[in-house]
Structure formats: structure tokens, C-alpha cells
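As written, the chains take the letters A, B, C, D and E, and residue 1 is the first residue of each chain.
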Amino acid sequence: MVGPIYIIAIALGTAFSLGFFKKANSNFSFAFMLFAMAFMTFISGQWLYAFLTQQQETIQIFTAGFKPPFSISLQMGLHESVFLSLINIIGLLAAIYLYDQLKEKGVQMMMIFVLLFMGLNVVIMTRDIFNLFVFLEIASIATAGLIILDKSINATSAGFKYIIATGIISGILLIGIIAIYYFAGSLFINDIIKLNLIYVKGGAVAVFLVLIAIILELKPFPANGWALDVYEAAHPGIGAVISAASASAGIFVLAKILPIVGDSGYYIIGLIGIITFLGSNLLGLKQDRANRLLGYSSIGQIGLLLTIIGLTPYLGDKTLFIAFGVLISHALAKAGLFWLAGIVNSEYIKGWAAIRRKPLLLVLMGTFIFALVGFPPFPSFFAKWELIMQLANNDKIIWLALILIGSFIEGIYLFRWFGYAIKEKNEDLPEFPIKLNKVIPVSIVAAGLYLIGYYTGLAIPEAAIINYIPLIFIVIIFALDFLPAYVKNSISILGLAYYSYTIIPAYFENDMLRFIFVVIFLIGGILTFIAGYAYKGKRRGFYPVALIMYVGLVQIIQAENLLQFFFGWELMTAGSYFLIIRGKKSMAHALSYMLFSMGGAYLILAGFALAQQGQMSLSLDVLNSISNNAFIIISLLMIGFLTKTATLGLHIWLPGAHGEAESDVSPMVSAILLKAGVFGLIILLISTIKNIETVSIVYILGWLGAITALIGNLGAAFQEDAKRLLAYSSIGQLGYIVFGLAMMTHLGWLTAFTYTINHFMYKAILFLTIGAVVLRVGTHNMYEMGGLIKKMPFAFIAVLIGIIALSGVPPLSGFTGKWLLYNAVILKGWYFQGAIAFFAGIIAFLYLFKLISSIFLGQLKDNHRNVKEISIWFIIPIYILIIGLMIFAAKPELILQPMGDIVAQYFPDGGLNWDGGLATTPIGNWHGTHIMIIVGVMFMLLLTWLVVLSRKAQKVKQFNIVYSGERPFTPETTHISYNIFAGYNKALGFLVMPWITNFWNFMSDIIHDTAGFVRRIYSGNGQTYLAHIIIYIVVVYFVFFN
Amino acid sequence: MTEDNFKMSNKQEEEVSKFFAPENEKRKVETPDGEIIEINPLQDYFSDARPKVHHPNTSKVVEKFLNWARAESLWVLGFGTGCGSIEIPPLLTPRFDAFRFGVQMRPTPRQSNVIIISGYLAVKTLKRVIRSYEQMQNPKYVLALGSCTINGGMYFDSYNTINRLDYYIPVDVYVAGCMPRPEALLSGFGKLKELIKAGKGEKANEYVEKFDWYKANQKKIIQDWNMPDYNW
Amino acid sequence: MNIDFNKLFFTFLGLMIVLNWGLLMSALMRKIGARVAKRYGIPWFQPWVDLVKNYAIRSQITHGVMFYLGPVFRLSGGVGLFLFMPMVFGSDLWTNFSFKGDLILILYFQFFGMLGMALGAGEGGQPHSFIGISRGLSQFTTIEVPMTLAVIAIAVQYQTLSISDIVAAQQGGIMNWTVFTNPFATAAAMLSVLGAFGHSPFNLVKAPNEIPIGPPTEYHGTYLGVLRTNAAILHVVEAVLFMNLFFGGATTWIELIVKSFLIYFWSVFVGMVFPRFRIEQSVAWFLKIPLILGIIAIILL
Amino acid sequence: MKDLLERLNTKYNLTDIKYQRDNLVFLTIGKENTIDLVTHLRDYEGFTHFVLLSCVDWIEEGKFQLTYFLNQPERKYDIAIRTMIDRDNAEMVSAHHLWRQITTYQRELREMYGINFPGSPGVDENFILEGWDDIPPMRREFDTKQYSEDTFFPREGRKTHDPASYMKEKLYPTEPTTDKVNKTDE
Amino acid sequence: MENLNLEIITLITGVILVLIGIWGLLTQKNLIKIVIGFTLFDTGIHIIMVSIGYVKNRTAPIIDQSVNINDVGNSVVDPVPQALVLTAIVIGLGVTALMLTYVLKMYQKRKSLEINNYNDLKW
């Protein structure tokens, strides 16, 4: 094994010998330097390997043969090796990345670069506090030297601010060190630790000075203006090094000296950390320059790490795992993003739209963003999970809340940025050159993130059972992205079919509840995929993300423990986010979807954490036995799930997200995805049936559901956009489902299940059909269509059946749901809610009529005279669903009876009595088949009669209408569709005023304005930043000693 | 009466086209697929089918019964042309009460059986009358009111008022006078009922049989004939 | 499913009775209206004549399949309501295909015809039809709110969703009728019935002089005959529904005829007195007074 | 009213002033000053209400006489401004910028007399006559009776009487009279 | 004053220098003066370091004849701070040099030594 001392030796040797090379030999000198960096990486990696696999003991290295305190000592342990490896790998990759710059600047710059990493390496390894100072200084001087790499005036002035600030900080560190020496008489950290200087008068100040200096090196909010300038102005390659390597080293140093401070330091560090985390992310909200945004994010992540360190006493032995997970995600993702910034070379985040010309880079960016925010399968996901769980176990609710809020705010700007990258206009953006040496490091860190994420997952027992095989399938699909769409479509369908084949039969045997949902998810997925054949071209990126969503959904079903559930939930969210953002105008909608989903997910996370508190288990059963805080826990989880079901107040993301999505994505995200929220609610309510708090919560939930149904339907009635209309309709329908579940009776739940199945079928039919029509006619606006029945009879029939079913008119299956609903309402005694729900159901007629008549009836427009029937690939799934709908309508007992058995497990009383096809409740009965037959026979008889009477009718064309003696001239002026419910709007429009949208906008404005106001502290003047540092020290001093 | 001579000749079409409003002219539109198609409004939006003769029921008894029903249920199109239109509303007042005789007003030609040409008929109005008349369904009757419909009345020398209604649409009953009082109108309804019950209310078929003659007359005075030959 | 021909026969007979009674009733109402205006009015057989005349129209046009199906839907709605409505209480033969739990079915089946008709008229492409339909749907949705509250109130009061059972519970004296046991629900329902029958002040759906007859503008001849047949049936059946729910039902056809006449007359009576509402006025009106009455009815449960 | 006219007289050359009533006056002004006067009356004298625009065909003099009829709502004055324009190549400055409703009158005059009002919105559109291609019917050289006979299939046997003598004969048939038929229309 | 011995004096001098340095850093607008402020601050720290290592009545930590070899621990001042201060001075020198380089570069680019002219980056 190569001794760690050689790292220093090699680095120093390289740095010195580089001086001998001529400028002309820059390629050779670069190779030389690269070799040195690689060797340093190798050494640290080899130690890491040894520690991980061969139970290597921690070793101390005494320089010059003396023992401390007489000599400087280095230490090489597991932690050191991890950090060294991380830093050196980043250094190596950064060197590759900076090839052009280093070569251009020559050997001096290479020297500085190597020296920086030498400094960082020693900082990690050293156990001598003064040595620490020296190498910190070397590192920061080297950094300042590297900042000049970018010749712009901004970089220079930022570098000046940086060096002034670090100068002050190191001065303070120096005073602290010398004071420590004065009190301790030693510079050897291990010795100092033993002395407990913090309890010595004066010694405490010394320790404080060291501590604050190290913390200031980590750029705490708000004393960090100098660092932000550097992040913004320095070359992105340098920014990456500062953000990833230097910050990691700083964190390690802090951890190293923390024992000196003792337990009293944790609190202050935690406080500083959380303030930094929240403050920095908050200010990041207003930021529109990419590099500076990255700076804010970096500081925020470091703040999170500080918080984690500060919370060590509560996190116990999990601290390392959590900190490591967060740090590695941060370091790799941030390095990657900075490097990407260097490639894209755009000052403003809107300019990042250029990145999507290179899909690979976009994928990499997505990887980093999702890793930063903490999505599976990245290490930060598992770290965050453990963090939240441990905080909850230790009753640190406020910390938990603050961390989640901070993460949420970070998500806002990161996803906004990502949204710009995917969707902002990029036609007039400049081209950027793409170089292999720049892409390779980025790719390597991205791959590293996945790999480490996988292994991190293995480290948690609950996560270890997650089935990664479907994800591998997705990776394969992703790798096949160059194939044409139909091939990938076929592969995806086969994959889903095989997936269904492997898991559905088992559920059919054992668990009907999950069986229903898994059928909706997977069979629904297959059906919607069939429609994908209608698309030409490659549909880049569509199949992987769609499959991610389905895998996530199935994970939710399969989940045996909370972590697995949450894993699936986040996976589903990520996949659906990508699906939604594929729509033409859906950037803002995808963002609001993501934010609501993220907020909901964090609430769920908090709820899970509190639920498992004190139960020493993560299995889903913990929900059964929530004891304390039950009200809060159930509310949190419920609100979390309600964001997915788009219940009133949390619904504003849905219309845009579903309305703007692609034609075959809308049914995926509406008919299928929303059911995830329903499933979550069901799981929650099943588990908490016995809980006393549930009663009051479901009462509120019932009202919410009913009002959601009303507002959703009313909103739909005033839409002019066909897909938005359907989206609002989804809100209303989900309101019914929530209402049914909230009743907590047998019939109520049966209603909810019926609606779930029905909504899946008819909303899929409607969305697929309307989507297909939209594909043909090229507009969403209903008033621009009309008279398409002559051109698209199949589509018309599908929509007709869909709306008859949706509206609940007998004899189709919608009536099944309505009949159950009213029985349930009357037996439950929720009359007002029932009346509201009924009113909502009737309003459905308004929008359904508008939907079908504006599109298919009335006047055919000029430019649609030649449109064709909707694509056969849409017709196939639509008619399969129609057959399903018909079967459900004619033989409801086929599904209702087994569903009744499921519900009876939880609500044994008050179910339906079945006698053949006759369903009976205490207050009435109903026979679906008979009604179908009676209505059908009657209809056919009457039709026959009319046909006999008027078989010779003359067929006429569309303008052959009564027009008061005149004649119509254009179809546009003859077709009445726009705002046809104006009178209704006058009377009831106040109900659909965008109160809720306004509320959320107001919230968003408040946060953004606060950010805009607070960030004025960063005046751009170096002296102000110094003043910040000094004031900060004073303030923290008083906090620390109080 | 073949299909060919029913359609307008090219020359006719050209002559007519100079009066067309812009909406009537052929226009080019872009389909959603980006293809350019030409729209010919008159052909694409209007049925150009020829009206058919609808023969009475072969069974005399049935036809008699149906004629009785038709006579007892005269639905009048609410269409006022000249000064006579002011004489129609009193029909519905307690003084005259045409409802007694099964006369009711309908607002749409599709549901009406009787059109009352109530007085002088300007050329511009004639066009609307023809449209409305053609939109009525087969057993349909025309009740012409006032001397203007007979020979032009006091407008016999007007440049813009027709003189003889029966050159343009077949008239069942004339009610003379300038203006005839509502009593006379009621008597006209009585006459019409007699005609219908006698099976003589087949003017609708006559219109179809002498279609070309009627059309020629109509087109002679309606210069901007911007509609299909039969308004279904 | 074994077909009970006896039942079918009586159902058909009942349909004929209802149809003819509906036609006669409409004639009577117009006669009464005429007499109020000091006119002689139409002959009592005028509706039949009109019906025969309409079926006897020789020529017809069609705008398309849905246009053709619209009246069929509409008549199916009316006949379907009849089929599921128990007509004469205590008689096996005159209860049609009603079953225990038909109340909800009937509430929703009303829409079957409306929706079909709206679609048919929509394919006609007539702008006035669209206006009429939008008004009709707007108004009908709000009518249903007080109506539903009333229905829920009595469904809870009698703990059943079966019309027959509701009628049964009202037997045994006039004081057992819902109108006395639950006056608020009855009031709410009787106000909403004004809108359901579509007489003034709630007749702007058809508003003959404003938008020529609204939805059926394009319908004529046989179609119109079908629509008129439906109107006759529907008016009686709806009156019977209210009779069954609030006025103790009927044990004989005579009672049914008298009661349905009075219920229908109520809406005609109001229509004689009040002028027409605009759509936003009628929507707002139904959401004010009848709704409050309905809410009181629920609160009092 | 008098002082109004005095004021106007100082600015414009008014001729043929004729008082119909105390508050209604007809006056004539040259074609080129007409719109100027009308504008002045509207803007400074409060004649904000435009009543009508009419035309008389003086075929013998080869002129059309246009009359702009204005009303002053405050003091209830009416003023009618006449102007003579050439019959051949009849053209008048449009006043649609003063009152939008005047376009209707101008359209009518365009159709009925063939007077052009360049720039008036929609002046060339059909007003009452759809597709008229003869000389404008209100011009006196247009023989409307001839046109009617040529076009509208006159019914045979029409008789026209002098109402006075015809009614006298009808009512007092005992008096010996000769046949007073003036004209027989074929 | 009896207590006012050398170590206190140096300590106070050092603290005063540090304070002057900070004052200069915070208030001076000229880049050069800021750098001077920093050097003052740095020097002050060095003096503080030295003063901490000083023990009254002891000699310099150079082992020669003047020092009793057996009583080194009690007769010389602590050598470590003095060793440290050397390193610190070197580092301070490096930092100062770098700062001046920056000032030079900034001046070359914008021909101004006002720090207020270099706040393009903010927020």
C-alpha cells in the first residue's frame, strides 16, 4: 500500500517540477499533472478500498519521526479516505474538464491547481491544528489564484472580495489557534480534545474563534456574499471545485474540530446550518443567473450539512450515513451542474434552454437536479429519509419542518430552472461547442450518482427489498432511445405486459384491493401505450419517463414498508413530471405540478416519520397504531395524498398540467396517475379506521370532497379548452371519490371504488378521444371545432358513451356510482354534502354537453372539411375501454360483489345484498342488467317507430337551416360555442373566481418579494461583506455564550 | 327536367358572382395538416338536391282523414311582409280568436304549414319569402293578402315591388282588399280549409312540378341570386 | 328474464292513457288560459289534430344521425320515466317496471331525454338551438338543487328510495301526505316544478318570439310529432312523480287524473301571472327561495 | 335664431333664407362650404343632433338638392341646410366623420340617386336594392312604371280611376255622367 | 505601572493593530488602503501570537551556552508560537502579494482604485 504521505509528496513534487517545463510543452505538462492527480486519486482510492473491504485499522502518520505534539501528524481512517477519494476524483475530473484553460494558462496554473488539491488533501488528513490553518491558507490562496483563470473584471473583483474575506477569516482562525495553544499547550487535535477547553475561561473564546472561522469558511448565510460572487464570476470549472471539493473539505474540517468544541457546539452549528439552508434557498428563488443560482444552492446544501452535523446528538450513529448521502449527492451533482454551466455557457437560467439541443446533457442535468432535490434512487433520497425518520424519532418536529421547508424552496428554483431548460424557447440562443473532455467528467459524476445511490439504498434494510429490475428495463429503453417510436412502443407494451403477467395474478388471488389498482395502473398503461403508435418519429425520452411513472405506481402498490411506498411515490412523481412537461405550453404547469407534488410528498414524509415514531418499525402497519399526534399525522398524510387527487385548494396544478399534456399523456396522468392519490388515501384510511381522530378529519374531508366536486365541475363548465375542461372534470370526479371515502361506510367506500374504476375508464376514453381529435384538428379550443361528427363518427360514439357514463345517466355505469352515492349519503346522514354532490353531478351535464356539441355537433369549419377519422391506434384502446364500460354497466355485480367483499373487511355492516344482479340496500334496490335491457328495448322500439315513419328524409348540408329568412355565411359565425353558459356565469360565476389560484399566487409573491428584499444585503461591495462577517461573528458569539 | 338544366350555367354563375358578398366567394383555407383546400360555399354548405313531388296517400279514406287534420291544424309562419302584417296579430286577440279554427302561429318555417304573404312584396323580401317557403315541409299553403299580391295594388308601378305573387310561389288563396280586415283573413282561412279538405291543397307539389318556371321567374327579378336553387 | 306479457300489455295501456290524458290536459290548460284572456280558445281535440297533422307531414329533412336520434332519445326519456314510475298505488298492473329504489333512477333518467334532445338539436347546427339548450341546461341544473334537497328530505323521512314505499307511507288520510308532514320540502319541490314544466316565468328555453322555439327549431313533421308525444307523456309523468312524492299518490286513475291536473295547473297558473325571467335571473331565483326552503327541510330532519 | 343667422352670415355666404317656423329655418349655401357650415354648427352652435339628409332631384336645372337637417336640443332650434350639387357626376363630401349615422343616409342616396360620397364607410354596399344594375331608381329620368311593366309580369285587366269622380258616381249613381275612366292599364 | 509588562504591551499593541486593520478594511474605499488595512490586521495578529508565547524573565528559545540545558523548560519562552509566527508571516506575505496582484489586475482593467466601482456582482 502506498502511504498517504505520498499524496503530499507527489503533489508538491509535481508542483515544483512543473516549474521546469517549458510553456511549449503544455500537453506534456498537463499529462504529467493529470498523472499526478490520478496517482493521488489512486492512493486515496486504494485506502478507501482497504478500509471498506479489509478491515484496515486507522493509522497515524508522524512526520519527521516524532510523536505529536512535537511533530505534525496525519491520520488516515475510513472517513479520511472517503473524503480524500471524493475530493481527488473531483480534482481529477476537474483537471480533465479544465484541460483547455490549464493548457492555455500554462504550467503556473497547473501548479496552483495541484497545490489546491494538495492543500485540501492535507486539510483532510492533518491532525495538527496549525497545520490545518496553513493548508487552509494554501488552499484558499490557490483558489484565489485559480479564480484569475477567468479574465473578466467580475472574476477579478470577486477574487479580490474572496481573498480579503478569507484573509480576515484566517486571521481569526489564527488568533483562535494561538489562543488554543496558549490554553492547551498543544497543537495536536487529539490532545486538545482531551482538555475540554470549552469549560476553561478564555479557552472557550479560543475554541469559539476557531469554530467560527471554520464555519465562516463554509460560507454561512448571511455572511457569504463574497463566496456567491466567486461562484458567479469564476470559471465554472473552478466553481465546481470550490463547491464540491473545497466545501467537502471544509465540512470535514468542521467535523474534525467539533470534538474540541464539545457538545455545546452542536446546537449553534445546527442553528447556523438551518438558517443558512433556509436563507440561502430563499434568496435563490429570486435568482435568474445560473452560476449564482448554483452558488445559492451550494451554500444551501452546505447549510443542510451543517444542520445535520448540528443534529448529531439526535441522529446518533445514523449521522454519518445521512451526512454522507447528502454530501455525496451535493458534491457530485453540484460539480456536474457547474461543469454543465461551463458547457452551456449561458449567464441566465432561461438561456439554458439551449441545452436541450443535446439530449444527453439534458439527461445529465435532470439527473443532477433530481439528485439535489432528493429523488430516488439518488443517495440524497435515502439520506433525507433517514434524517427525517431520526428527527421524528427524537421528537425534533421543528427541525424536521424547517428542513422540509428549505428543501421545498430549493426544489422551487431548481425545477423552475430545469423547466426553462426543457421548455423555454431556444431558437435564438447561441450554439455552444461541445467537447469530449468536458462531457466525460459530467457523465462520470452522473453515473457515480446512480451507482452510489444504488449502494446507499442497499444500506437501508427497508430499501434493500426494492425491486430494481424494472428500473434496469427502463435504462435499456433509455439506451434504445435512438429507435423509432413504434419499436420502443412495442417494447414498452411488452415490458408492461410481462410486468402485469408476473404480478397481477398474485394480487388477484390474495388482495383484491391492490388488484384493482394494479389493473388500473398496468392495463391502463398498456392501453394508453397502444395509442402511442399513432405518433411518428422517435418521441425521444417519452418511453423511459412513462415507464418510470408506471414502475413508481406499481412500487406504491407493492410497498411493504413506508420507505418503499415513498420510493415509489417519488419515482411516480418524477416520471409524471417529465410526462407533463412534454406538453407544448406546459412549463409553468409542470412546475406547479412538481411543487404541489413535492410539497405533498414532504407532508407524506413528515407524516410517515411521525407515524413510525416510537414503533421501531417501518412497515405499513405502523399506520394502524398511531398513538400520539394522531390528528397531525393523519392530516399531514391526508393533505399529502390530496395533492395528488387535486382536492380543492390543492387542485390548481391540475387543469394546466392535464390540459396541456400530449394527447396520450393526458389519459395517463388523469385516468391513471390520479388514482395513486386515491390509493394512498385508501391505505391511510384503512389503517386509521379505528383511530378516534379520523372521525373529525373525515368529516372535513367529506365537505372538501363535495365542494371539490362542485367547484371542479363548475370550473369545467366555463372552459373553452377541451382538454382543460376534462381536467377540471377530473377534479370534480376525484372530489366524488374523496367524498365517498370520507363517508367511512361500506356503501361510501363502494361508491369510491366504483367511481375509481369508472373514472379510469371514461376519463381514459374521453381524454384519448379528445386527444386524438386534437391531433387531427390542431387546436384545443372547442369553439374552433364543430360538426366533426360527420368526419369522425367513431370518435363521436366514444365521446357520447363516455359522457353518458360520466354524467351518470342510466343505463350506463355512471349511474351505478350515483345510485350507490345517494344510498350511502342518506344512510350516512350527510344530506347537505349529498345535495352539493348531486348539484355537482348535474352541472356535469353543462360541460359534457358543451364538450360533445361544440366539438362534434354544430357547424363544420372550413379548415376541417378534409379531416380524417381519428387514428386507428387511438380507436383500439378507446373501444376496448368502451367494451369494459359496457360490461361494467350491464353486469355491475361482476366487479361490485368482489369489491363489496374487500370493503366488508373494513366495514362489515351496511353493504349491498346481492341476489343475482339485484343489489339491495336498506332503502332500495337496483338491477343494472334489467335497467339496461328495459331502456335498450324501449329505445330500439321507438327508433324503429321513427324510422318507419320517416324513412324518406332528405339529407341536407350544414347551412340548410332555418335562419330567419336569411342564410348563414360562415360556419364560425353560425356555430354557437364560445361562453355559452354566460347566463350561468352571471349567476354562479362567483363560485369559480380564482380565489385559490390567487391565494397561491399571493403566497408565491410573498416568498419571492421577501427573497427580493432580503437579498439586497448582498450589495456587491466587498466591504459590506466584511462587515457582514464581523457582525456575524459578534452575533454568533453572543448566541454561543448565552 | 334533368339534373343538368337545374344547375346554373357558367355564364349565369359569373353574372351572379358580381353581387356576391365576400363570404360567398370561393376561398382557400389551410387545413391543420398544412394543406391548402378550396371552399366553394354554395356547393359545400348547401344541399343541391332537387325537391321531390310527394304524392298523397294512396288510400282515399286515409288521405281524407289526414287532410281534415291538416285543415284543422293550420300552423302559420310568423312572417310579416307588408302592411298586412299588422292585421295578423289581431287574429289572436279575443275579438277574432283564430285559435278556434285551429290556426296557430309558429316561429319557424320547418314547423309551419301556411305562409301568409301579407301585402306588398319588395324584391328583397321576396328572396326571404322564397327561402322560408322552400324550408316549409310538403303540404304547405300560401295565403296571399291584399291587392298588392294580386296585381301590385297601389304599388303597381313601383320599381321594387312585385306585381303578381303567383309567378313566384304558388298561391292557394287570395284575400283581396287594401288592406283586408281580419274578418276577411278568417274567411280566407275558411276557404283554405275547404280547399284542403277537398284535396286541392297540393300547391306544394305544383311548385315542384313547375319548378323551372318558378325559378326562372324568381331569377329574373332577383339579381343577386346567392343561394342554391332550392333552400332545403 | 321471463317476459310477463300481461304486465307489458297493461304498461302499454297505461302509456296510452297517460298519452291521451296528457294531450287532453294540455288542451284544457290552453282552454283555461284562453278563457282567462276572454277567448274561446282551441277546440278540446286540437292536440290530437296537431299530432296527427305532424305525423302526416309528407316531406322531411335530416341533418344527420344524431339529429335523427334526438327525438328518439327524448321520447325514450319520457317513456322511460313512465316505465319506472308507479302510477296507481296498490295495483300490481299499473306500477309498470317500478322497483324499490327507483327515485334516484328517475331523478337521473330525466336527463336521458334532455341530453339526447340537446345532442340532436345540436347537430341541427341552428344557433338558436344552441342558445335554447344552453339556457335549458343552465336552468335545469339549478331547478334540480332544491328538488334534490326535497327528495333527500323525504327519502330520509320515509327511509326509502322507493316511490311506491313513499306513497304507501302517505296512505291513511290526508294528514299523512308529505305536503303536511314535510311542508318545506313540498314547498321547495313545488317551486322547482315550475321550472321543470317550463311555463312562464321559466319558459325562456323555448322563448318562441325570441329564439324561434329554442332547441326544436329544426324539428318538424314526424320528429315534432315524436317530441309532442313525449311532452304529453312527460308532463303527466312528472306531475305523477310529484303527486306520488308529496300528495299521497293515487289509488285510482281518477284520483291520478285529478291530482296530476291540479299539479300541472299550478305551474300554468303561475305562468299566467308572471312574465318571463332572464336566464341569470331564473338561475339565481332557484338558488334563493326554493333552495332556502330545501335547506330548511333538511335541517328540520 | 336671428342672431344665430347673423353670426353665420358674417362667416358664410347664405342665400335663400326661409323661416318655416320661429325655430326652423331653411337656408342654402354653396356646395364647397356646406360641410364647413355643418361642422361649425355642430361644434360652436350646439347643433349636435343630426336629423336627416335628404335629396331632391331638380332635373330641369340639372341639380340635386341635398338637405342636411340639424337640431339644437338645448334651445330646440332646427336648421336645414340646402346645397345644390351637379346632377352629372354627382358627388358630395362625406360627413361621416361628424355623425356616424349619416353613413346610412349617404348609402341610401348613393343607391337611390347615384350620388357618390367618397370615403363614407360602406357607401357602395347594397342598401335596399340587392343587385340593382339599372340607373338609380329615384332619379327622375328613370321610368319606374315602364320598368315595373317590363319586369314584374303585370296582371291583365287592371283599371285605374280618378278617385273623386269614380266615388261620386259610385255614391250618387242617379246623376248622368260620362265614363270617367282616364287610363286603362294593359 | 507594575503590571504593564512587555507581554501586555505587545498584546495591546497587537490588538490595537488588529482593530486599526479592521477599521481600515471596513472604511477605506481605496483598494491599496484596504490591502494596507489587511496587512495591519495581519501584523497585529502576528504580534498577538508572539506575545502569547512570551513568558516574563525568560530568554529566547535558542539552546546555547546561556541556557541551562537541564532547565530548558523553565528558562526559555515557548518556541512554538515563534515558529508559528514565522509560518504565519510567510503566509501573510503570500496573501498580501496575491491581493496586490488582484489590485493591479483590477486597476489595469478599470483604471480605478475605488472599491465602490467593483460591485457589478450583487444579489
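We take it that contacts are C-beta pairs under 8 Å (C-beta built on N, C-alpha and C of every residue); 3 or more make two chains touch, one makes a residue touch a chain.
Because the structure is a prediction, the values reported are computed rather than measured.
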{"item": "Required minimum of steps from chain D to chain E, each step between chains that touch", "value": "3"}
{"item": "Shortest contact path, chain B to chain E, counted in steps", "value": "2"}
{"item": "Contacts common to chain C and chain E (chain labels)", "value": "A"}
{"item": "Chain whose average C-alpha position is farthest from chain E's own", "value": "B"}
{"item": "Two chains sharing the most contacts, counting C-beta pairs only", "value": "A-C"}
{"item": "Chain nearest the overall C-alpha centroid of the shown protein atoms", "value": "A"}
{"item": "Distance from chain C to chain A - Cα centre to Cα centre, in angstrom", "value": "54"}
{"item": "Cα-centroid distance, chain A relative to chain D, in whole angstrom", "value": "79"}
{"item": "Separation of chain B from chain D, taking each centre as the mean of its C-alpha atoms, in whole Å", "value": "35"}
{"item": "Contacts with two or more other chains, residues of chain C listed in rising order", "value": "59-61, 212, 217-218, 221"}
{"item": "Complete list of chain pairs which touch one another", "value": "A-B, A-C, A-E, B-C, B-D"}
{"item": "Residues on chain A engaged by chain C in the complex (per definition of touch)", "value": "787, 789-790, 793, 796, 800, 803-804, 807-810, 815, 818-819, 822-823, 825-826, 829, 831-832, 834-835, 838-839, 842-843, 845-846, 848-849, 852-853, 857-859, 920-927, 930-931, 933-935, 938-939, 942-943, 946, 949-950, 952-956, 958-964, 974-977, 980-981, 983-984, 986-988"}
{"item": "Touching residues (chain side chain B, partner chain A) in the complex", "value": "21, 23-24, 27, 29-33, 35, 37, 39, 41, 44-47, 49, 52, 79, 108-110, 128-129, 131-132, 135, 227, 231-232"}
{"item": "Chain D partner contacts - residues on chain B that touch it in the complex", "value": "19, 122-124, 127, 150-152, 156-164, 167, 217, 220-224"}
{"item": "Contact footprint of chain A on chain C as seen in their complex", "value": "1, 55, 59-66, 68-69, 71-73, 75-76, 79-80, 83, 97, 99-105, 108-109, 111-112, 114-115, 118-119, 122-127, 130-131, 133-135, 137-138, 140-142, 144-145, 148-149, 152-153, 155-156, 159-162, 212, 217-218, 221-223, 225-226, 278-280, 283-284, 287, 294-295, 298, 301"}
{"item": "Touching residues on chain C, where the partner in the complex is chain B", "value": "30, 34, 37-43, 46, 49-50, 52-53, 56-61, 208-209, 212-213, 216-221, 224"}
